[in-house]
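What follows is a pair of complexes built around subunit A, which joins subunit B in one and subunit C in the other.
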Partner chain A sequence: MAEAKGTLGPRRAEALAGTLLALPAFILMWLMLLGPAVAVGLLSLTDWNFGEPQIRFAGLENYAEMWGDRVFWISLRNTVIYVGVSVPATVLLGLLAAIAIESVGPLKGFYRAAYFLPVASTLLAMALVWEFMFHPSVGFVNQVFRALGLPTADWLQNPDTALFALAAIGVWQNLGLAMVLFMAGLKAIPPDLYEALAMDGADGAWERFRRVTWPMLGPALVFVVAITAIRSFQVFDTVQVLTEGGPSKSTEVLLFTMVQQGFTFLRSAYGAAITMVFLLLTLAITLAQTVLLDRRAHYG
Partner chain B sequence: MQKSFGPTPVLRGVTLEVVEGEFLAILGASGCGKSTLLRILAGLETADAGEVWIGDRRVDALPPKARDLAMVFQSYALYPYMTVGQNIALPLEMRRLSALQRLPWLGRLWSGPQRRAIAADVAAVAAPLGLAPLLARKPAQLSGGQRQRVALARAMVRSPAAFLMDEPLSNLDARLRAEARAEIVALTRRLGVTTLYVTHDQGEAMAMADRVAVMQAGRVLQLAPPQELYDEPTSLDVARFIGSPPMNALPAHVGEDGAVMVGDVRLPWLSPARGLVTLGVRPEGWVPASQGIPATVTLIEHLGAETLCHLEGGAVLRLAPDMARGMVAGQALRLAVRKAVLFGADGQRLPLQAALREIALG
Partner chain C sequence: MARRAFTHLVLMLGAAVMLAPFVIMLSISLKPPGEVFAPQFALLPTQWHAVENYTAAFTKVPLARFLLNGFFVTLCIFAAQALTALPMAYALAKLRWRGRETAFALVVLALLIPPQVPAIPLYIGLWQLGLLNTYAAIILPSTISVFGIFLMRQFFRTVPDDLIAAARMDGLSEWAIVWRIMLPTAAPAIAAFACLSFIWNWNEFFWPLIAVQEEHLMTPPLGIAFFSNAEAGTSFGPLMAAATVVTAPLALAFLLAQRAFISGVTMTGVK
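Moving on, here comes the complex of A and B:
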């Protein structure tokens, strides 16, 4: 190729233009997203406490301390239990709500808005209502349980029930989001398939659900599970307002431990190490979601 | 049978009797109600009034699965998450297995023999359609023509009382469509199953069907074999709809003596009607002659097997290529009508008798 000196070949020019055009997005991504994450990662390798004048590279000391920290393991275990309880419940109830609302006629908009309200409202304010709901004597939950002859408890102050009471609030909060996503998934199912199914001899609710609705909702399901899992891992405000990790660390969750270490005890580096664990969990969910959705790409 | 969607009547009084084993095409422009009619027959929609009978069973109160019909959808409506084999097997599973045997996973434990029989039937249907090597694939991995054949196989597999096909070829390209057309006709003939075939493509309807029902605005205009539809349309609407290019509609009148006149040219027919009428002439129903209706050629299209001469006023003359040799645009012709049908002012067919002396024939 005899190219004049000083000019770029068309391919090089195109590559350069591509890089230049991608640059703003690239810079913003590092500035806003990846940069802070890397900064937290670096911080977790030091011994810095907030406000201290000197900083020292500490290697994996923070992680070693975390490995031996009983509270961290309780916190991780509680978080996993919380997620394990609230995600399946949210997904199941969200799906039921979506199917139920899809099948009603005129009030569809109202129900959709009502279910979505908790997602849009401030959980901090709603926590007040829930504190009252779970109140041992005048609370709505215990009154209903008493009326039904079921055992009652001081839900938020009992170490055996506190985490599950919080999980119930989490379900209530994320239900609307799951429902809206499932409704979008239901809308995308071509009505032809139900008609073909009816011609093929299956028109019962169960067969319709099992043969068409459930498999066609596959991609939506993966997305809803990932989103609710990530949101559940982030549980913090209800813990902070209602139980403060207690009683006896039964509601100590990852983000609460992180905030305590990082902001209350001012142990910034240790808090950063806990944050890295949290980021890894979130990343794992996102990766799993991507892989699963890719595998279902042939649905199209 | 009648059907309305809200205040809009879609079907207004349709009566259609299908002979067992015949291939009946329902032909009409989009929005004429032909798909609605098919969906009512299938049970996917209910009629506002009227009855549906299959053989001696009245079925309009029955759900689709009890009607023993199979449908091929325009979109094929294949289940995208199932393999080709599972798609074809589903109608058999729903019919032959009990609810317990259809349970996910667990049901396989106590339905082995039935499932083997179903797999054998699926293979028997798939083989002649060339689907045997594709049974393990998902629909998204198939070409349009292959998907269409899977949809056919799914309809055929349980030998229904009739096939309902809703524009099954409209998603295929032209070459595949011609192929699939012949394939469907051959299949339904071989199986001898009654077939109702909805289409907007007159070529398809004419080529495939034993009889064609022409629909317009929720009514069946005419139900007849293709050739009869072409030669003897009962109304101007049918005459204009069937044939490409369509039948020429010449303004004409019938004189006091009953002679049919176009302008001041007397045609060799008599009609009992009087006054203004429309003469329907196929493009090949008239020929250049020394006497006859005057016309001017505006455009000549050489199509190889035939030549089309477009005439002033929008009429068309179809000629064999050697007869059209030497013709040029702008040329004046006289046309003698060999064959025609007469329509009254209301668009309905009028009787036409040959006059004793054929004056106008050159």
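Moving on, here comes the complex of A and C:
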């Protein structure tokens, strides 16, 4: 009997155990995540530069400065373009790959592994390979484009193409992630829906997609778009190692600007303000996702 | 029949594009400088230069050290994450205590915060503690995984209460129940959690870049970026050899444990 073992009643013993077991993680969560996230918000309201002895409350000065900062707007615009290009491409290609791979019998495992491998590889190392592939004269991309009669360029050094070259790397890296999430979504579709459709006499691939797959995949689609968008907003590694925001700021993106301001120029408070913008954009995506899924749930 | 052949054709082309960077990386890592810049790409070198390139990769920079750092850091991080996340997940899933709902709401809230957001305050805090440029600086911010807590909590909820009641009857403490009852039943979820933690922390570049400057502390991604900077696009052979070595542990682990990797990634979508 539980009561016989200690002086505490079983209810209180359970409550104590629960609190104690949760405590280490709870403290760490505040120290490493929630506390610093609150601190970023507070820091963004000061004028503090790293290492200064004095800290002063500055209200919204950093945000006002940001409003007038040309580089910030370029950075925000580039980030939005990057997300706007890479998310639709990743989601569409991921969906096509998932449907195609599910429909072929043999080699399924091979295809899945091949498309997923970039997700499980070190992006930084692979970015250097891509740098070589985008090399203007001996790069694989230009060699293939030349053979196909397509225009060639110095992709990473041309301000008109650099951001899109980085987006292409992003699509290559995240496509497999979208694919496996869609595959999980496809598996959740009850097979009798397809059978019912076949009994109606509509058995074409397009009909199957339009009348069953697409409507049933709705929640998975919203989720994949949201997760891909959040990941794309975090683009940093390729920019840092391949272009450093250039040429002429054409690949300057939010996190890169944040690191430049916060850590290179040691403007902690201004960097914190940029971080807040980044955080709010990410939260906006999650909010949109929740609203969309809720609405679906109500109608469905 | 024709349609299936067409699907295979398209998928093969797609697979070729997806795998091309890996093939090129391996191919260049075997070639001497003269052949790297040959106008026509050839898969295999005419003159093998593998030994020279891989030797250069390990001697021009302390690549072995980077790898050891990578294993050390990822291992410490996962140990800390599992040690804190599992007990909390159990407490959230199976025990009744005041503040449980609030604690869980905070976990969900923390899930929404991108990992780059706490960077500036963490940097300031570690600087005040004199911990910048140490292993601790790389490890500490990742010691908590709210994703891990969430994932394990969802899994623990499916464990039958009878199992836990029986363990209590046998005189097991709550702490022992976490490790001797819950842990074994949750093996697939732990495997997925471990795989994800390994992928994330082996590949992490953003935070180590900020936290350490010294060569002997660099993790593999940081080390290879450092190598690339130092060589400034001149010696692609050794650089691709280093890229191969850095990518290999994760790629091999993935090929061996595909199921755990993919289910882990899919679970990020489990509600």
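What we mean here is this: the second predicted complex is superposed on the first by the 263 of 300 C-alpha atoms of A that agree within 3 Å, B and C clash if a C-alpha of one lies under 4 Å from a C-alpha of the other, contacts with A are read in each partner's own complex, and residues count from 1 in each chain.
We take it that contacts are C-beta pairs under 8 Å (C-beta built on N, C-alpha and C of every residue); 3 or more make two chains touch, one makes a residue touch a chain.
For clarity, every value in this text was computed on a predicted model and none was experimentally measured.
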| item | value |
| --- | --- |
| Clash or fit, subunit B versus subunit C on superposed subunit A | fit |
| Touched partner set for A:218, first subunit B, second subunit C, both or neither | first |
| Touched partner set for A:156, first subunit B, second subunit C, both or neither | neither |
| First, second, both or neither for A:229, with subunit B first and subunit C second | neither |
| Touched partner set for A:210, first subunit B, second subunit C, both or neither | first |
| More subunit A residues in contact - subunit B or subunit C | C |
| Touching partner for A:115 - first (subunit B), second (subunit C), both, neither | second |
| Partner chain(s) touched by A:201 [first = subunit B, second = subunit C, both, neither] | first |
| Which superposed partner A:192 touches (first subunit B, second subunit C, both, neither) | first |
| Superposed arrangement (fit on chain A Cα atoms) - minimum subunit B/subunit C Cα distance in Å | 15 |
| Contact residues common to both interfaces of subunit A (with subunit B and with subunit C) | none |
| Sites on subunit A touched by subunit B in the complex | 190, 192-193, 195-203, 207, 210-212, 215-216, 218, 298-300 |
| In the complex, subunit B residues that touch subunit A | 42-44, 63-65, 69-71, 73, 75, 77-82, 90-91, 94-95, 102, 104, 138, 140-141, 154 |
| Touch list for subunit A against partner subunit C, complex | 2, 5, 11, 14-19, 21-22, 24-26, 28-29, 31-37, 39-40, 43, 50, 93, 97, 100-101, 103-104, 107, 109-126, 128-133, 137-138, 140, 143, 172, 175-177, 180-181, 183-184, 205, 220, 223-224, 227, 230, 233-234, 236-237, 240-241, 255, 258-259, 262-263, 268, 271-272, 275, 278-279, 282-283, 286 |
| Touching residues (chain side subunit C, partner subunit A) in the complex | 3-4, 7-8, 10-11, 14-15, 17-22, 24-25, 28, 36-41, 83-85, 87-88, 90-92, 95-100, 103, 106-107, 109-110, 112-114, 116-125, 127, 140-144, 146, 149, 168, 171, 173-175, 178, 199, 202-203, 205-206, 209-210, 220-221, 224-225, 228, 233, 236, 239-240, 242-244, 246-247, 250-251, 253-255, 258, 261-262, 265-266, 268-269 |
